[in-house]
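Note that the chains take the letters A, B, C, D and E in the order they are written out, and that residue 1 is the start of every chain.
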Amino acid sequence: MIATVWRVAGVGFSLLILLFAALLYGATPDQYAFMNSQVGDLTIGFAVRTDDLTVLLLAVVGVIATCVQVYSLGYLHQRAASYHALVTLFTAAMVTVVISDSLFFLLIGWEVMGACSYLLIGHYWERRDARSGAVKAFLMTRFADVGFLFGIFVLGLGAHTFRISEIDPARISPGVLTTGTLLLLVGVVGKSAQVPLQTWLPDAMPGPSPVSALIHAATMVAAGVFLIARLYTVFSASGTTLTVLAIVACVTMLFAALCASAAVEVKRVLAWSTVSQLAIMFSALSLGTADGRHAALFHLATHAAFKGLLFLCAGVLLHQVGSAALVVLRRYTRRGKLRKALQVTFLTMTVGLAALAGVPGFAGFFSKDTVIEAAWEKARDGSGLGWLVLVSVCLTAALTTFYCLRLWLWTFFRTPALAGGIGAFEDGDAAADLDEPDSSKLRDAPWVMLAPLVLLAVAAIALGYADGVHLNWMIGLISTALVLLGALPAYSLWRRGADPRPLLLEREFGADPAYHGLVVVPVRWLAKLTVAGDRDVIGAYVRAVGRTGTLASQGFRRLQTGNVQTYLTAAVIGVVALAVLAGVIGS
Amino acid sequence: MGGPVTLTWTDWQAIAVPLVLALGAVAVLLVDSFWKSASAELRHTVVTLLTSVVILFGLVFVWARRDDFMPAFCRPAVEGPAQCSLVFEPLTAGLWAVLLIGGLGVVGLSAYRLLAADVPIGEYHFLLLSALTGATVLAGARDLATLVIALEVVSLPSFAMVALRRDRRGSEGAMKAFLVSVLSTAVMLFGISYLYGVTGSLYLSTIANRLNGLDPDLARVAFAAGLFVIVGFGFKIAAVPFHAWLPDTYVGAPIEVTTFLAVVSKSAGVAGLLVLVTSGIAPDGSQLRTVIAILAAVTMTVGNLAALRQVEAVRLLAWSSIGQVGFLLAPLAVDNAQAVVGYLAAYVVVTLGAFGAVAVVQRHRPAGLLTDYRGMVRSEPGLAASLIFFLVVLAGLPPGLAGLFTKFAAFQAVIDGHLGWLAIVMALNVMIGLAVYLRWIAELFRLPADAPFSVDIETPAVTMISLCTAVAAVLSVLPSIMFALAT
Amino acid sequence: MNAVLLAILVLPLLAAGALWSIPAAIGDRLAAAYGSVISGLVLIGSVLLWPQNGGWFAYGPQDLPETQIDVAWIPSLGVRFHLGVDSISVPLIVLTALLTFLCCLYSLKITPRIGRTRSLIALLLVIETGVIGTFSALDLVLFFVCFEIVLIPMWLVIDIWGDHHDAAGRKRAANTFVLMTVFGSALMLLGFLLVQRVAGTLDIVELTSSPVAGGHGIPLVAALLIAIGLAVKVPLWPLHIWLPDAHAKAPTVGSVLLAGVLLKLGTYGMIRILVPVLPDATATIAPYLGAFSTVAIVAGSLACLAQTDVKRLIAYSSVGHMGFIGLGISTLSPAGLRGALFANIAHGLITGLLFFLAGAIKDRHDTSDLRTIGRALYARLPRIAALLTFACLASLGLPGLAGFWGEMLVLLGAYNPAPWLPRTTFLVFMVIAGLGTVLTAAYFLRLVRNLCQGDPAENPPAAFAVDLSRIELVTWAPLITLTVLLGLWPGLLLQQWVAL
Amino acid sequence: MTTALFSVAGAVAVVAAVVVVVSRRIVHAALWLVLALGAVAGCFGALQAEFVALVQILVYVGAIVVLVLFALMLTKAPMKPLPELTTGRSPFAAGVAAVLALILGAGVVFAFGNEKIKPVTDGSAKTVGTQIFKNWVLPFEVLSVLLLAALIGAIALSQRKKED
Amino acid sequence: MPLVLPLLLAVVLFCIGVYGVLARRNVITMLMSFELMLNAVNLNLVAFDAWRVDEATGQTLAIFVITLAAAEIGLGLAIVLLLFRGHGHVDADAARDLEEAS
């Protein structure tokens, strides 16, 4: 009953967002502040605004949220009430971020998203990996949010307002501006899982797939991109921040793409690819040009479509097959069982992967090209930053194609070199491949799940043309070449049944153990130390005081021997002592 | 010199109260001795009433003349202020009120249990009134001869009272108190002899006058002399390290007499010391004040600490009364009569009440252990509530605002007197003291192993304890009454 | 309004007296109902007191608090019976009245196993009087007196109704609590007396309008003594050692009042007395206060990470949260002080709720040890577990819930402290405190993970474990509502403190 | 002359006093006390305080020591030497007393070392009596209360209990 | 006559008395020692009186002290007899019924 209410409310709410996006489309930008309170000479309160960016993001959020909510109707069977409620809250939080004109209002949405993601990732709290993934996600983003909060302080006090629309970079001293934006950047890096705070996102995969779709496509991680776009005037006024952003983005996109190439689980591949794609958006933003911003937002929109689609597809795999691990899926590839049984899923996933890989004609192709073009524009002006971004994005494009094709082939197709293929994922367990699961009941998901797939697949193609096609042929050619460059090794490796996964990549550059050793372990030690200190140092003093009192008391009891002459002696000694004291004081 | 030896009307008025008390003492003795025909109960009642009337007269007199200033037994001054043996002034009125109320309380407490304890009624009340006579004279005395003799008049009858049950414990307690007291008298007299030698006078005002501007060698002797006098009083009020007789004597004496010692005898000692200090023996800046302050600090600390692990109610009260004396000495060290008298007032009322409650319990549970009080909040809620209230006042915590404000006044006096270190020691002792009383209070709430204490409490006891509770409650709500006593 | 103020002060006291004097035969339910009615009336009265235009620290001849009662009490000692409320005190009074009311309401159905509910209710009412008195006292001695009123009742509550498994432990906890507090308050009294010696008055209004100048010498000593006395109550690290035991051993309602209300006495005292009366001396000690507060934030959080007892954990979390409040006060800035005031209220609501929840869990499992309770509470007690998660999120300072605004303002204050304070020092405090919020999140998530989540198969439900009962829902609903309301609309309180 | 007389009497007093506190025979101690007190009375005489000297002999030697002797008899004090009459702490007690004597003696010598007493006779019974009844009436009266109280107290304590 | 002579004698007597009080077991001998101390007081008073040459104040007080001593010794001996009746001896350090050391 309650679950039904929340289901309806969830779908209704996301449709409402869409409705608002439609209504606001083309409307003049406007702002409205409310519930302000004065703290000293500062105003702390809430404000909302509407402009193009808001509408764009509202549309993206609305579409993805609708798809996710509808999809979840078929996907989720247990604890639906809390799930739908949280997804709705999650969406609402993102909407808050999007429409906010007050940094604090934005922060509310920003962190509520973190909390919702924590709760949703931990939806299957019976599972250990879900529990730890959820905690990790929350703590890392929370850590970053501290920087974000400080950034708000610095910028807000520097500009003497916490209203985004009133922050004028020209009136803020450069040092404050740089500090503020860098601190904000920390929050962005955490939220969008950029290096060095990237490890939480792949670990967040045990959450329900629709939630992953939501997080990766429209909310949470996209919020970082949105924020920089929202505060673009401020960010672009600080060269240092942009440089840092560019470096972070470039490192991240390659890092994540490499990690994705070695991941053996569909969702993990997709997660790393999200990190990588976000980095591409950030790199575009880091150019500091209007073109860059436009490219980033364009890529954000297309990415939302195809990444949402991909995660929902992975969800179907999980829902229908029971797992999205390549090793499991491999067992269903004999005689093309998987792609035949899950035909719609196969097709839509193909579209999604193509879009992600940047196959010409798909949305990803166009949006990525816009980024490359923006970088080229910048690089042409002799900017090292531009060159950095350009080269990184190109390399990433090739890598992206590599892991997309690898994923596609290894998921749906049986490698011709059977024996080698077995070894690729199953650590030499040759028997595993022979043990074919009962796939007779394998069939495609219900339509309530497939409909969003189809919708998003259409979007993943169509969105590329939404911006009006103004393709630079040169760049188009280059990126096509890059696609091929990435596709060929993937194919040939698959042909040979080989899936080389260097240890470094498989372990994701050892970031997780490093953090564990550098942060978690010391904190645990400190915690034990604190407790021991409370017990054995501070507490010991308190206990010692008590014990001293007791001992002294017992001592006085013992002195009370009942012998009056002892009493008299003590008294006379007291007199003598006081007399001596008198002599000392008197002389 | 010269002129006839006469007592003026003022002299008579000023000594009216001690005189009536002394005459009352004799009258009580006579009534008891020569009315053998009456039954013991009847004689007891009559004697009690007579004693009460005498004390009540004193109270009425004090109330009527509370604002007067009556110097008595004066002689023309050779130099400086007039030399008088006794002065009745507001401070005296306050001290007398405290002493007389204490005495009345003890009489009330004695009203219901004494006969059973083999104590001769007439002698008991005679000694009580004699001691009260001494106490009142002591509080008004302004020369050293009167002071020391009055102190003896307080002490000697008290020791007789301690032993009045004429048993092993009583005689041992009396012996200890007596020996310590005699030593203290000797020490004090020795000091007085030096004070006389240095200043050539026994009148406090003259002594105070002449103490200024002594040459250093004489000043040193004067200091030692003053020290000896203070030490003498230290014995009487059981300041540490002259305290050790007190717990033994308290335990050895009949509980009424213990109450008397804790209330009247101790107040008299404090009053005497207060007289000494206020009359200028230890002027501001004198090292004697430092000595008193040191005594205060040591006394309260040792008293409270020793009380911490006591298992008998009376012994706990004995040690805690030592701690309370420390708190009394603190404002004394800075010559703040108002705080001392206020503190004394609250202390007297509450100690009376607490001993009353203990008397009730000990009558039926002679062991007098703290564990006997278990479960009393259930079985005897009224008595338990009163006892808790008294203890809380002694600890100085709400709802015992009387105790809190008197402690506050003591703190205020000490802070105003620039004795920061003493204030810190006092703060520490508030904590230790609270620990002491909480232990007892906790026992009241604990569940007993066997049947909890429950009896039909005798009417006089109920009256006495209720009165003490009521007075303490009134003092808690209107603490200004206490502080008005000395002004 | 004066009548209302006096009424909410006297009513609980008289009611407690009446409750004690009626025969013991009165049923527990009836006693609790009686307590609920009385404390409900007090709650209504306290809401009525809500000031129309707040003013604070600005007491001058023309600028007195709206509601005040001022009569002489002990003229010879300079003590007045001076009560008054303004926008600083009223929210705290309302919080007190609310929590007491909820505790009484809760006792209608759920009482400690020891029984004697009648006395428990009476003591709660006495505590209410003491706390409201402290919050409305405008005389230093009256403040001190009311500060002390609470002690004995709370001591009894812990000592009698505390953890029934551990008689020695609850006795020790109660004694440590009361003795440390008394020592602290005695020192505080010394500070008050020093103030009186310098300024010649004990009246807070007078002292606020003409503060004691000078940042060294006697004012400094006075400020130190007052600060130490209040810090014991707050409690500030390293004087916090009484707190975990007291909270852990106290019965549910005791913990709720202890954490929700009593801790606020210390911080309120700092804001009401330390800051306005001794401004220069406070500025001298502010960096040290800030440092200890910051250590408290980190140490409290770290200690939480290693706790295995749910009540102890929540108790330690209070150390951290109160550290934030202390830091806010030490910044002496508008934002910091408001943050401290806000956090006071928020902490009262949230930690009250947390202790209610911990009590509920403890009642159902007869232990508060995490390892014994087991995991997967989401499966066994889904609603309570969900509320616990909510409360944890609120407590870790999630924006949108009440816990956030106070801590945010405190950090803002630390970023921008009063101009006469060393800014760099406070920036360091801000950064450490900010990292402390991460630690806060860490231990709350650890709590949720170890308690609520987990494999239900391995954690069989306890016998008689009933999920959220009606009385619990009714009792907690106001706290939850207010937590959300204040989180979304901080102006509700912040607007009260406009003038400075 | 007076100085010599005083010195002799003082020496006797000191010797007798020492014997009082160290003697092992308790009755001897009491008798030595008589000598000590008498010697002190001699000192008073040397200081021209005749009345005090007379009262000293009258009250102390005449009354108090007799009382003490009675008490000794009543408590069955043996005539033979008793080694346990002095406690084991006596060296310690002697040390305490010696320190006290040193301090007090030094103080007295420093303060009054150069002072001389001029021999003036004012110690007659008349002078003292006038003083008592003119200037010290109150202490005198209070003293009478003390004597009465002590007397009654002593009697009350000496009475046997009724059932005895 | 030098003033210090009687004063020193008084000091010596007083300290002998102190020694006696502390060292003597028998309560009666302790009382005797007290008498020595009181005599020292009187010696002081009389000596100062002679030195001061005033109105015999010192001697008056000395008379009072002698009377006081008489009263004390009277009551004291009564207590001693009572003690003897209860305990069978008059040793001060053996009457220890009321000790609290355990």
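Going forward, a residue touches a chain if its C-beta (ideal position, glycine included) is under 8 Å from a C-beta of that chain, and two chains touch if they have at least 3 such contacts.
A quick note: this is a predicted structure, and the numbers were derived from the prediction, not measured.
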Contact steps required, at the very least, to link chain A with chain D come to 1
Comparing each chain's Cα average against the average over all protein Cα atoms, the nearest is chain C
With centres defined as the mean of Cα atoms, the chain at greatest distance from chain C is chain D
Between D-E and A-B, more contacting C-beta pairs sit at D-E
Most remote chain w.r.t. Chain B, using mean C-alpha positions, is A
Rounded to the nearest Å, the gap between Cα centres of chain A and chain C is 37
Chain centres from averaged Cα atoms put chain B and chain C apart, in whole Å, by 43
Distance between the CA centroids of chain B and chain E (whole Å) is 25
For the pair chain C and chain D, the C-alpha centroid-to-centroid distance in angstrom is 69
Residue numbers in chain E touching two or more further chains are 7, 14, 17-18, 21-22, 25, 31, 47, 51, 55, 57, 60, 64, 68, 71-72, 75, 78-80, 82, 92-93, 95, 97-100
Going by residue number, chain D touches two or more other chains at 87, 89, 92-93, 96, 100, 103-104, 107-108, 112, 135-136, 139, 143, 146, 150, 153-155, 157
For chain A, residue numbers touching 2 or more other chains are 557, 559-560, 562, 564-566, 568-569, 572-573, 575, 579, 583
Contacting chain pairs, sorted by label, are A-B, A-C, A-D, A-E, B-C, B-D, B-E, D-E
Per the touch rule above, chain B residues touching chain A in the complex are 175-176, 179-180, 183-184, 187, 216, 219-220, 223-224, 227-228, 231, 235, 241-242, 244-245, 247-248, 287, 290-291, 294, 302, 305-310, 432, 435
Chain E contacts chain D in the complex at 1-9, 11-20, 22-26, 28-29, 31-33, 35-36, 39, 42-43, 46-47, 49-51, 53, 55-57, 59-60, 62-64, 66-75, 77-82, 84, 89-90, 93
Seen from chain B, its contact residues with chain D in the complex are 1, 5, 7, 15, 18, 22, 25-26, 29, 72-73, 75, 85-86, 118, 120, 123, 126-127, 130-131, 133-134, 137, 143, 145-146, 149-150, 152-153, 156-157, 159-161, 163-164, 166, 197-198, 217-218, 220-221, 224
Contacts from chain E onto chain A in the complex sit at residues 18, 21-22, 25, 92-93, 95-102
Within the complex, chain E is touched by chain D residues 2-3, 6-7, 10, 13-14, 17-18, 20-21, 26, 29-30, 33, 36-37, 40, 43-44, 46-49, 51-52, 55-56, 59-60, 63-64, 67-68, 70-72, 74-75, 77, 84-87, 89-90, 92-94, 96-98, 100-101, 104-105, 108-109, 112-113, 115-120, 122-123, 127-128, 131-132, 135-136, 139-140, 143, 146-147, 150-151, 153-155, 157-158
